[in-house]
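One structure is given here, and the rest of the page talks about it.
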């Protein structure tokens, strides 16, 4: 993934607007080779376009794939010409801070039969609960997760790490305990841009604003 | 990839025509995530359509991606409605009997620059360790390598495959998981004639069997 | 919990007796049954003590009264005892963080021993808060269970979308810079050996070692207290803990006293508020043994 963000320069030689389909198709071509979500900034740098322009194109493509015909001032005429506004078999999504092409969920059963690899088994109840605690309390030590769940979570944490859903995020300066956080793969799997988009836990925790202090008061 | 070719049967229950966008979108969904080219026969079996119907749809999609608007009886009207017939950034190619979506050749420079940006000539430590595990445990599935290394290795395995150091060596008869082995290019880079020439590592590392069991038992 | 917090126990004694005796038999029986076929746990997705507690509480309609809590506490302890009697090892594994719950429940039992409506000092309030804390914890746990269910649904829905993740097209792959390879087979083997070697699990929480530190057995402390008191002479709590080597041991002796009190083999006497608490052995000589003491404290990992 590129880290250098450069403004488009006229000397660069790369000018996507002269190509068939212009910048829009060029962007589409790049989306085709991604194997992980790419940010608008990265895409802009690669296409020699401004971030704003790329973001506009991305939204345009997203709408188009969803079945809304872009730049069709008159849908009546369009329909007469035989254009239907049905969604494509794929969609463009903004997840985990980047854009990526996905097959549309409606076709999961059919697509799933072709894609054996990468299909992941469902998480166990224990794994889900541990993942939830880590997601909402990160960075957090295993001991803290154990205290919240009331059971030892060592092996579940190991499995979640193997599956790439959580990772080591350093050690607690005081206790020296390893702290865990969720990964960007977790965000991808959840289809969200950041952990801030996780559903609010407060409605599920009526009147428990003080729980943190209770915990941190040193009762393990 | 499915290997069984079955004729569509009415009892099957899968009816792509009822899905949004119908058979065309369903086919598109499959093509978008297919890693290896798939034959019309395989696609037909997966979609529960006849081979003829799939071939027709494939050609239709191919033309559409190339910028020829399908089912637009009057291009004049279409153009007036704001539809341009520019090609998409991707194309559907029939290579050696198999169909796959590629980025369009015209954008090769842009795509190439994007892909190569940030690529290094060195393997990361994670890639090296994963390669080492595969070399000594081949043929081995990604899940198993993950279990041994304790982290998700999906993207690293992709890099190693891209680098030609490892390759697909069939699937595990039990789990159906893809197994990986090292390539002759790997041997070449190591300067050895076969994997048997790799220096021995302690054959009875304590707990190795345990790892295997842990993995098998801990599948979640 | 400190030695001082035991101060009002004398008056609370009668109250606790009444509680224990007054619990309707059907409630006491309704928890978990030991049958000849084995222990039956009617719980779905049992993963730990919190699950069990939640189930017990919901069975009692989350009636946040002391009686309901006492019932839940008793059932919980009974449950663990039964498991231990049946040598259900798996359950003890599940309950490896049991000390947390046990400590909270003990707080709770202590709070129950407080005379109703009599809150005299900060320690009393702390005991009452222990009860709220248990519920706070349980509610928090319940909240996480609920978001976990939401996450499960989301993950399931999202897994229906497959990302495009195809191998790099060959002509691009060919453009990758030539790999720099600087490893001899020996170096590579060393790398493999290190990578394949099972990782020694990193120490769980260095800083918490002292919390789980030297195990102090409540049962042993109970035996010790029993022996001393069976000499016939009442002893003050101060005297009973005079030789305690650590705070943990003081706590263990206090817990042991609660257990002995529960078993009605000791009586407390306190002449003035905040005055010395005197403990007296009331059971006939050999009629008591520590064998049936709650063993939950003994099973720390």
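Note that the chains are named A, B and C in the order they appear, and that numbering of residues resets to 1 at the start of each chain.
Convention: a residue touches a chain if its C-beta (ideal position, glycine included) is under 8 Å from a C-beta of that chain, and two chains touch if they have at least 3 such contacts.
Owing to the predicted nature of the structure, the values given are computational and were not obtained by experimental measurement.
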Per-chain CA centroid nearest to the all-protein CA mean: A
Tell me, please, which chain's centre (mean of its C-alpha atoms) is farthest from the centre of chain A? C
Counting C-beta pairs in contact, pick out the pair of chains that comes out on top. A-B
Just curious, how far off is chain C from chain B if you go by their C-alpha centres, in Å? 49
Calculate how many whole Å lie between the centre of chain A and the centre of chain B, each centre taken as the average of the chain's C-alpha atoms. 20
Report the inter-centroid distance (CA atoms only) between chain A and chain C in whole Å. 38
Of all the residues in chain A, which ones touch at least 2 other chains? 31-33, 35, 90, 101-104, 111, 115, 118, 122-123
At least two partner chains per residue is the criterion; list those residues in chain C. 162-166, 168-169, 172
Touch list for chain B against partner chain C, complex: 32-35, 100-103, 108, 111-112, 115-116, 119-123, 128-130, 132-133, 135-137, 148-150, 158, 161-165, 189-192, 197-202, 205-208, 210-211
Within their complex, state which residues of chain C touch chain B. 162-169, 171-173, 175-181, 183, 185-186, 188-189, 191-199
Residues of chain C defined as touching chain A within the complex: 45, 47-51, 53, 93-97, 100-101, 103-104, 133, 136-137, 139-152, 154-166, 168-169, 172, 201-208, 211, 301
Chain A residues touching chain B - in the complex, by the definition given at the top: 1-4, 14, 16, 19-22, 24-33, 35-36, 43, 45-47, 67, 69, 71-75, 77-78, 80-83, 86-90, 101-104, 106-107, 109-111, 113-118, 121-124, 127, 155, 158-159, 161-165, 167, 183, 185
